[in-house]
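As written, the chains take the letters A, B and C, and residue 1 is the first residue of each chain.
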């Protein structure tokens, strides 16, 4: 049975249940939630989670990805066939990093209304366009039937850490549900930068001086870096929320990390 | 494979997982969550979401609907067979609008303990009565075996907008997870009322003067109406929560919208 | 189709979606969420929910249970085969009460890397170790292939109510999503203690004097005991959150209940 995996900013409301109803009305497929708690309208955050999740899914999984602040306006609904997967969603950049990494084979502009619900709202294309198209893809429909091939999509990149005036400057890309703060700095970036010397990192007037291998290595109430499961440095406090400790509320607040090479 | 769709006020607790365990112990069926974040004990809100969701599900879906403030007391557990669906839950009005719209064929009072768990608690009939009955329905059990046929159920209606002293008076039926406020006013109600003239709507001392076609049409920090995916007017603010903007906390606070026909 | 049931403290983040992707990449199994809102790192709370949920699942269900504050350090990953089930998770006590009640048949230390993902992180063994092992168990792999048999596991017990100076002293084990407060006192403990006389229970300077049979029996704003679906006394307020009423924030705050036998 094919898998359709869902990633949205729909929260815990009924919208995702309705999307599942539409899919199951067309095909008895296996539906999996990746996350629905993307910060509303935050395309960068959605792109970050998709990029760190998609590779763990079975080949031929269909990703239905909807963070869609311009729903109903002129932005295009698209389907991207990559080497191993299908990505369906609005052409606002959210799909680009994952699709490019996996290898884009074909991009289809979704325009054949035969595969949409009869009545298309201006506020809920996940229900009216993306869900039925995903269901028909899972049934093996030839993707050329959904619309014409296009060559370009909106692109989006995450900021990379940079070195300025002998400082390594990074930022927070994501706050997870434990309150861990995932940065855009890789462990090897930091190790190369400090070159076996000590370091001090500053964030919100607090200091970090350690990289630990696992959470329980840390002392109580000590901020530390750890290489997380996305292979990025994450700022943590043992058995606590680093976000609360640092008073960071938004999931993707840009906070600069200044690392001094002592 | 048959679908059982769940709608409850059980939140993110373990209760819904237990319900799924009970169902799967009886039949390997496809279980879908519609929503579990109904405001606790709010039958009207549950009825509203069921009414706007059920029609998107496959024919023969079994809806297990539990918002049940009088669990354990004399309210009846019922099963309603409609033209296309089965609705199971407490007879407190939550099922009535959806069942009536789809066309009621038969109402069964659930009283045959053969189809319940062995021990019936006074606090968790979703686990002890509704889940096993839903599972046996999905296995094709003749519904007459669950209990005697009854003719009447509790009914429930949403308030309709009304015209008083040259004002159109509506109310908020639902606050969604984006903070959009769904009203009981249809776009055509408002267009008929204003008859090509301008209007001002007042809500919590703030004004609305526009109906937009899609979210991104609006200016920053501007309250506006939009026809939502339930074909009701919704009060929104672009890329923000209208509920926070208007300081509305409850999902179903009754707030009157007064529309002046200028 | 086999069932894998998930119980974690991963919240509403993407981590549980990734775990599901890993499982489905290995076997097309039925995945059910029990709960993901365990208070982060709270092993006792996770153990309590598992103990009150597992028996409702089909025989041969595989429970993947991850509340894992010492992930990446020396704590062992284990698989327990019991009379009816399989339990997989960290050996930190979370599995012990449920496995012992159902009857432990064999305990395996998970050490055969053939059944893990290629790269093992120090922060996400649910993805890298527990999910693939659960998937291979669901495919019927001989459990002896996962590692060597061991004889002992970490154990964990809930505090029991006790009688001191003519008082019955209990505590809160869990705050559910309705705000009901589940105690460690059984109804028969209290009935035996008061022996047909009246009682007063004190909690946070408020009094309870009644045990009701169902929620709607209570008066407005009255604290009461009710025997809940786990067969424990629960402190409730009709149509309200007892936790908010008593200003209890944590899910498992230890609050002593002093019952006077009048």
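We take it that a contact is a pair of C-beta atoms (placed from the backbone, for glycine too) under 8 Å apart; a residue touches a chain by one contact, two chains touch by 3 or more.
Just so you know, these numbers come straight off a predicted model, no measurement behind them.
**Q** Rotation angle for the CA superposition of subunit A on subunit C, to the nearest 5°?
**A** 120
**Q** At the subunit A/subunit B interface, shared numbers over all numbers used: above half (same) or below half (different)?
**A** Here the answer is different, because the shared fraction of interface numbers falls below one half.
**Q** Return the distance between the CA-based centres of subunit A and subunit B, expressed in whole Å.
**A** Result: the chain centres lie 30 Å from each other.
**Q** Give me the residues of subunit B that touch two or more other chains.
**A** If we look for residues of subunit B contacting two or more partner chains, we find 12.
**Q** What residues on subunit C touch subunit B, complex-wise?
**A** Where subunit C meets subunit B, its residues are 1, 3, 5, 7, 12, 30, 32-37, 49, 52-53, 56-58, 61, 176-179, 213-217, 226-229, 231, 234, 238-239, 241.
**Q** Would you pull the subunit B residues touching subunit C in the complex into a rising list?
**A** 9-15, 17-18, 20-22, 24-25, 28, 31, 40-41, 69-73, 121-124, 127-128
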